[in-house]
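Structures are listed in the sections that come next.
You will see two complexes here that share chain A, one where it goes with chain B and one where it goes with chain C.
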Partner chain A sequence: MGAIQRVFNKDKNLSRLIVVFLAVFAVCAFMKGSLFLSVSNFQSIGKQFPEFGLLAIAMAFTLYTAGIDLSVVAVANLSAVLVAKILPAVITPETSPEMVLVILFLAFIGALLFGTLCGAINGFLIGWVGITPILATLGTQALFTGCAIVLTNGSTLGGLPKEVANGMGANVLGLPVPFIIFAVFALLSVFVMEKSTLGYKLRMLGTSVKASTFSGFNNVRLFLANYMISGFLSAVAGLVMLGRFNSAKADYGASYVMEVILIAVLGGVDPYGGKGNMKGVIIAIFIVQMISSWLNMYEGISNFYRQIIWGVLLILVLIYNYVVSEREKKKASK
Partner chain B sequence: MKRRFFKSTEFYVGLVLALLCIAIQLKSGQFFSGNNLVDLVRAFSIPAMFCIGEMFVIITKGVDVSFPAIASMAMFIVCSKMEALTSNPLLFFLAAMLIGLVVGLVNGYIIARFKFPALIVTLGTSSICFGIMQGVFKSREYPLCAPLYELGQTKLFSVTNPVSGLTSDMPVGIILMLLLIFVGWFILNKTMLGRGIYAIGGDEKAAQRAGFHVFRTLMFIYAFSGCMAGLIGVLRSTMLLAVHPNNLMGMEMTVIAACVLGGVRMEGGKGSVLGALLGMALLTVVDNSLILLEINTTWQKVFVGAIIIIGTAVSAIQSKRDAQKLTVQVDEGRS
Partner chain C sequence: MKLKNKLVTAVLGALLCVTVAGCGGGGEQAASNDSAEHVVETTDVATQGAKKDWKIAVVVKDSSNGWFARMEQGVKQYAADTGINAYQKGPVSTDAAQQVQVIQDVINQDINALCVVPVDPAAVDPVLQEARNKGIVVITHEGSTCKNSDYDLEAFNNAGYGAFIMDKLQESMGGQGTYTTMVAHLTNASQNEWANGAVAEQEAKYPGLHLLDNPKRVESENNSEKAYQVAKEVLKSHPEVTGFVGTSSMDTPGIARAINELGLKGKVFVVGTGMPNECRSLIQDGSLSYITLWDPAEAGYAMCVMARMILEGKTIENGTNLGLKSYENLVVSKDNPHLFMGAGWIAINKDNVDKYNF
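After this line comes the complex of A and B, so read on.
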């Protein structure tokens, strides 16, 4: 018991989130009983959240350095569109199954590199040129979405090889593949943000750019790294979306931007930078997805009510965090 | 004074705009035709009006992305619910402004009271407004009610192109646009409130010590932006002669980009009405002239994105150089 209490005291934000998570879980389970607690429900949850979960982690990284990346969804879509454009051209019915897998692998690696490159453009504009993150990513968002529209002519790109949808739709040991992908990158992100020197430097950068400069860090390189991580994770999300929809389009997931900022803030990342942890963000992803699936079970509630709920929740969470941090400040000054 | 003018962002944006117009004229021969100009003004009017409100916000270091949602929500509620109650178009506008004002006050209160990043707060209220419009009021394409339809059909004048035979009408709403631009210019340049807006953008603490009421000023800015968004929403529906609830989505991006292109700095404290309008004019010309240049319209977003990046990069590099100049001077003084 003492050990649990110590953990709780060590990270209050995380423990609060766990309590919220359990409370939401209990309410959902109580209200919808067997429907909510079924294996198939959890499997469909496991397929739904990885895409925006990955985007939320990407967003959390940029918020952590007092920035923001509005282009995450655009990067995800553009990467997916590129893959969807290339695959049908390269793979013909005559291609042997082994060859198909090799091409798929190469295409996916290419997409991830491309996403990282998009992130590098953001990082360059923000770190080297010195454009405010909101504007730089607003511009690249338009640019990337524009490129995707040009490539697709505004329509949906289908005709992907069966392996893509089959692969993403499969279950390994009962776990959906997207969930496994998410788990791998989430763990990596937790490590980078909380255990690595890079994470430490990013926190410094988020707290104060000047302090970071005077500590001898190369800020341009840090911004580049930060937005490259964000671009990379966005591209991963794009590939997951490609598999789930079995197609690519320039404007899939347009509403995700708002949702992923909500998740990052809910997870305790301070939009003014320098504060927050990845574990909190990951729990926040589960909370949001759970509420979302639960709302889905009521046929009377239209999808649009969710927008109201997310908006209200975002502002309430901001205010709550503010009140808590004010109280802590008061305590500290006493 | 003259030197300063030639170095200003407004001058450069104006120059680029003029060159672009001439280039398009040379390529297509249709740019300076009467109906094209009227069409451009029509396309320019709505975002230009949004620019005024957004500019105020950006000068104080904030950013408001909720105005398309406020405008759409106010427009839909008013146009779908008030039809039976009244036939006075003025009341429609007033009701929409009232709705906008309420949302604007909420924005302003949360941002000014808690000092949250304006982007995130307005993103939240934007989501709430779209949710209310689509969920609670079940928005859809809706025919415009008679009094507003009549208003929309009245025109100042119309121009016919002798070559293509296309006719374009100048809507009455243009008067409202000119009025709003004047009000914006007047507030910023001729009132204490305007001084306060610039002062808060420059340095909030210094502004407070100088006696400006920061909380009230911020409240005013967001309330003004919201109120005007309501007005513009209804005006938009009269221009389109129908209620398109999702038509304004994404306009926040163009408007912010236009302001910044025109020299309104996101770091706060700088910007002029003329600059913001020139920025908007540039984006409007690019947006609408791709067809004249025989470029496929799918390229539109690519161009807009590229312009935003180049424009903001230029101003970022400029302000970086200014900062460097300042330090050099200090160093020289010391040695």
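After this line comes the complex of A and C, so read on.
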């Protein structure tokens, strides 16, 4: 018991989330039994959350520095639209299968670089020009979405080589490809946020910009790095959506913006910056997806209940965090 | 540790309360299926079948939209009429990505058939393919470009709908006068087909009416304000115009507002696509003669009937009767053998506008 308590105390937030996760899992398994516990249900879940999970991690990075990135979905879509614009123009029926793979690879790398560049624009506006993150990214969100609309005339771009959808729809060793992509970038993010010097510096920046300056950190560079990571992860999410929907459009996933802020906060990232961890965000992504799949198993339950549950969860987490921080303040002042 | 436990319990407790409340709501809804509101007129054909233990899911664009709430009434009535487990689901906002998520969940629920009104036909195609690989029958509505569906069911063919609008306009204008047509954009395929259908009907049947020489067709840019301005310009520069064919659901109320404002009520008439709630006051005060549309409840019901027919091995062909007034004689499209159309247009005026709440 002592050992469990030690582990629990080591990271209370994470432990709490894991308890909630297990409880939700138990409730779902208990109430839906074999339907919920089937392999195909878990494979479905593995295809569903990566696109918004990656966006939630991107969002968490920016919340971590007391910022926010409202342009995540716009960057994802613009990157995907660029790929969908270029591929059909470059690849002809005569292109050899090997060549198609090479072109796909290059196009995806290009999209990731482009997403990173979009993030750099955000970082520049916030770090160098000094615009408040919420306003800067609201502006770039409109800008990036606008570009995507102009490029597509507001319609859907299809006609992608079949490798794109087949690849994203495949399972490797029973694991859906989107899940594998998510796992790779989630682990990298955990490492960057929690183990690297960059993560440490970002935490300093999130806690206090002044303190970070006086510690001799280059804040502009940190903001740039922070939003470039966010842009990069958004582009990854965009490519996942490109494969999942076999098409690109300016407004796919437009409703994800609010959802991913919620997930990041639920995962324990403090919107005032400096606090929180990536593991918590990842568990929160699982919790959110599990509840949503579970609710969709009930024929009579409207999806509005999903919104209600999210709302209740978010408010409870915020109240809880407030109570805890007040308690800590009192303790410290004693 | 104590406090922590309490809080964890509180969070979980709240979560459970909400979800249990959700289940409770679900139970009530299921129970009310027996007394589902009777919104769709059907014949015996609609409810016939060999087996009852089918599970049919309908996934719509957006469950917070009145149009699809009306569709759900049709689906619920189908479930009540037949005893088949048919139900409707949809995302809370019109977002293709969210709709794909819902479909992905629904196809894991051991369903036999899936009826979809896609937000974006291209985006749902991969997940529909997954559904068909599982042996699920897939039917789309307003999604004729989906590649992975067994059949697409549309309420009507475009020319027929245009002719229907013209019939109602002719009636309102008393068989005399000059009219012109409005579309959202001259590049919009279906709306221009409706307008062409209306003009063709007039030329074939109503010699008393004339299409205005110039402009024959004006654009509203799918904006009711623009429709209002354009209609005002037309009425000022061409006082001989006494009729408008509206095609987009933004055209019709815009034109009616212009008629109302210029004091031409009862002298100039407009008939076209419109939503009952949006147009109710204009219909009631007489500025708008008829709005035309198809009934989403009927479309929802018809998709379920079609799904069951396919599940029970019946073929869908030219002339198939789904047992609903608007879908008693399906017509196959000339260009697409999987596209079937009904004659599901309805006209709403002062007398019946209060029956429709969407």
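Miscellaneous remarks
Criterion: the second predicted complex is superposed on the first by the 320 of 334 C-alpha atoms of A that agree within 3 Å, B and C clash if a C-alpha of one lies under 4 Å from a C-alpha of the other, contacts with A are read in each partner's own complex, and residues count from 1 in each chain.
To be clear about the criterion, a contact is a pair of C-beta atoms (placed from the backbone, for glycine too) under 8 Å apart; a residue touches a chain by one contact, two chains touch by 3 or more.
These figures come from a predicted structure and were not determined experimentally.
Once chain A of one complex is fitted onto chain A of the other, the partner contacts of A:F304 extend to both chain B and chain C. Touch criterion met: A:S38 reaches chain C, while chain B stays clear of it.
After overlaying the two complexes on the shared chain, residue contacts for A:L22 are found with neither chain B nor chain C. Touch criterion not met for A:V102: it reaches neither chain B nor chain C. After overlaying the two complexes on the shared chain, residue contacts for A:A211 are found with neither chain B nor chain C.
In the superposition on chain A, A:Y252 contacts chain C only, with no contact to chain B.
When the shared chain is aligned, chain B and chain C each come close enough to touch A:V312.
Of the two partner chains placed by superposition, A:L187 touches none, neither chain B nor chain C. On chain A, the surface patch touched by chain B in one complex and by chain C in the other comprises residues 302-309, 312. Residues of chain A touching chain C in their complex: 5, 8, 12, 16, 19-20, 23-24, 27, 35, 38, 40-41, 44, 47-48, 51, 156, 158, 165, 169, 241, 244-247, 249, 251-256, 291-293, 295-309, 312-313, 316-317, 320.
Residues 63, 110, 114, 116-117, 119-121, 123-128, 130-132, 134-136, 138, 253, 256-257, 260, 266-267, 296, 298-306, 308-309, 312-313, 316-317, 319-320 of chain B are the ones touching chain A in the complex. Residues 1, 4, 7-8, 10-12, 14-16, 18-19, 21-23, 25-30, 57, 63-64, 85, 87, 89-93, 95-98, 100-102, 104-110, 120-127, 130 of chain C are the ones that touch chain A when the two sit in their complex. Note for the complex: chain A touches chain B at residues 68, 125, 129-132, 134-136, 138-147, 149-150, 153-154, 257-258, 261-262, 265, 271-272, 302-312, 314-315, 318-319, 322.
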